[in-house]
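Written out below as structure tokens is the structure these notes cover.
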Amino acid sequence: MATVPLLSDAAAGAEALAVFDDIRAKRQTDYVNNFWRALAGDPALLRATWERLQVVMAPGALDPLVKEMVYLAVSTANGCSYCVHSHTAAAKARGMTEAQHGELLAVIAMASQTNALATVLGVPVDERFMA
Amino acid sequence: MATVPLLSDAAAGAEALAVFDDIRAKRQTDYVNNFWRALAGDPALLRATWERLQVVMAPGALDPLVKEMVYLAVSTANGCSYCVHSHTAAAKARGMTEAQHGELLAVIAMASQTNALATVLGVPVDERFMA
Amino acid sequence: MATVPLLSDAAAGAEALAVFDDIRAKRQTDYVNNFWRALAGDPALLRATWERLQVVMAPGALDPLVKEMVYLAVSTANGCSYCVHSHTAAAKARGMTEAQHGELLAVIAMASQTNALATVLGVPVDERFMA
Amino acid sequence: MATVPLLSDAAAGAEALAVFDDIRAKRQTDYVNNFWRALAGDPALLRATWERLQVVMAPGALDPLVKEMVYLAVSTANGCSYCVHSHTAAAKARGMTEAQHGELLAVIAMASQTNALATVLGVPVDERFMA
Amino acid sequence: MATVPLLSDAAAGAEALAVFDDIRAKRQTDYVNNFWRALAGDPALLRATWERLQVVMAPGALDPLVKEMVYLAVSTANGCSYCVHSHTAAAKARGMTEAQHGELLAVIAMASQTNALATVLGVPVDERFMA
Amino acid sequence: MATVPLLSDAAAGAEALAVFDDIRAKRQTDYVNNFWRALAGDPALLRATWERLQVVMAPGALDPLVKEMVYLAVSTANGCSYCVHSHTAAAKARGMTEAQHGELLAVIAMASQTNALATVLGVPVDERFMA
């Protein structure tokens, strides 16, 4: 599939290639995954996305593994198959254990069902939950 | 709003009231929030939801605050306004700082945009991301 | 709220009013609900939506109550608060009992959680489930 | 694809295998579909999901075919391709005719479009639709 | 995949074939894409969908390319992979340039992230945005 | 509602206030809408969002009105009530006529229903739609 070509290094323009090189350098790998190759047809969007991603996912008040698990949770609820695969891999690369993975899935499933229940019941927000 | 009555203690049947009492005891509060009162029209569903929630959200390989942040992330992507309010409150009650909250929002926003990009580009899953 | 005016009979144009009258006649009620009043700014869209709705929701191989419950289930998953309220009312008007309502909620909740699990696990479709 | 291994009987642990056996016995088939094999890496989640599914989908105030059609409708709106395939197969196995299938699709399509319209118009809920 | 057979001309009934012929005539092509072949098992739904599509997508106050870009944006947010592919192709056939495509992707990504932020923050609608 | 305080000018810190001032200057208005006031608790996220929005929504290969209509379409499919209200207002401010608004709604509704149909039918992507 894909609605655009996945650009190889040879096919990518100079701007896109510079981003590919930065991805390789920062991640210390030779591999540039398909998401970036698909974005490479629009080098400005490619760069903006890559730059922002680094800011957002950097260690801070939340550790990078927690951020990856949150990313995976959002990707699941948004039904993004590509993202579910890439961020499961990323979470494992950051040390997610099988036990953590299992609990993460259980929370995602639980939230999905109570989200549906709160919506179908039209539950009004409790006063005390408003800021 | 609400598509069903929110049952007060007086209006709830014995089975529902027993769940309300368990919620109060386990949470060490007098307050039973609207979600449970809306579910109380179906005591079996009320009990099953409450029992499962306790199992899923208990401390384990992931700490309860991480679980609450994941819950909030899923609720956002599913567009559940009630859940967003109740789980922001729950995360704060579990100690989420302003800095953690801000980073959580940034990850949710980032995931939402790359989810959309991966979907519109139809990016095929990289071989290495498959189990 | 509302992003457009809800047109009263007096404010609606002749084409929209004719649809309002048809709604009243077919439903044997004086009441025209807000959805139709919001659509009345575009009489062609109003008429097309109303005409199609009657075809789709007419008794056929599925009975009208089953159709209303399916409609409510879709509206829940799509997070449409208005639709959840209007189709809960419609299902009750068609005879949905409390027991049926409770079981419907339980199925919606169950589906929501296994949908999330199948997505996060990236489960490939079994050969035998393909037509 | 898949973000986790699909466990064969040989690869599954004793707890997971016991669930597989229960699935086979209750469904009177030798076949265990991929969803359960993907969940088998977390036997507790596998068992909780299977146990709850049986409670929810049992005959009751709604007949099992209606429940399957509702399940399919939710799965569609949630964009779960796996679930759409497995629950179409399940509905056919429970006797869904071609005419019923066609009407179900028409209701799902209709709800999807009016959900979108009600949302974009920001239609406020009519007083009479609130419980 | 597919949950229903994709009907060839030979397998389609007379009513479905008439719609296929109309698609070929109006689009001036021999090709009937899979969406229509999948719908052909229910000729009434096939015809209603095709008829309505022509009305909606006809040139009017918005030009057809803008309509295709909106269609693609909705399909992305709804996570419909088939639709993303077919409407990207359709937009290109209507003259969408690479620069337009890139800007469209950027808007979709931007909207997705601010949608998530507005939802997680529970931002109340400003008085001035209400009709 | 709101899960965070909406910061007034007086309550906002210096960094947030600088963004508010930039919004007022660029938009030539005294009014800062609730979305920005809700984000102001995290000035870095506020600034990043505002900066990126200006880049994305600037006139380019697509005109600003088309961008607003696409934004509204995405917001609808994502079920973001706040965004639907704010971007309907923004599209009107950019000159969207009633006729354009009506056609936009019709396209959104049409896409929503064919998205659902393509998903429930599991239609495989035609070879010719792949890049």
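Lettered A, B, C, D, E and F in written order, each chain numbered from 1.
Note that contacts are C-beta pairs under 8 Å (C-beta built on N, C-alpha and C of every residue); 3 or more make two chains touch, one makes a residue touch a chain.
Computed from a predicted model, the values in this text were never measured in an experiment.
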item	value
Numbering shared by both copies at the subunit F-subunit C contact, with half separating same from different	different
Most remote chain, CA-based centroid, reference being subunit B	E
Equivalent of B-D within the choices A-B, A-C or A-F, defined by over half of its residue contact pairs recurring	A-F
Distance between the centres, which are taken as Cα means, of subunit D and subunit C, whole angstrom	21
Euclidean distance of C-alpha centroids - subunit A vs subunit D, Å	26
Contacts with two or more other chains, residues of subunit B listed in rising order	1-4, 45, 48-49, 52, 55, 74, 76-81, 84-85, 88-89, 102, 105-106, 108-117, 119-122, 125, 129-131
Subunit C partner contacts - residues on subunit B that touch it in the complex	1, 3-4, 41-42, 44-45, 48-49, 74, 78-80, 125, 130-131
Parts of subunit A lying in touch with subunit B, wherever the complex brings them together	1-4, 6, 31, 33-35, 38-39, 49, 52-53, 55-57, 60-62, 66-67, 69-71, 73-83, 85-89, 97, 99-100, 102-104, 106-126, 128-130
Complex contacts: residues of subunit A adjacent to subunit D	79, 81, 84-85, 88-89, 98, 101-102, 105-106, 109, 116, 122
Of subunit F, residues touching subunit A in the complex	1-5, 48, 52, 55, 125, 129-131
Touch list for subunit E against partner subunit B, complex	72, 76-77, 79, 81, 84-85, 88, 105, 108-117, 119-122
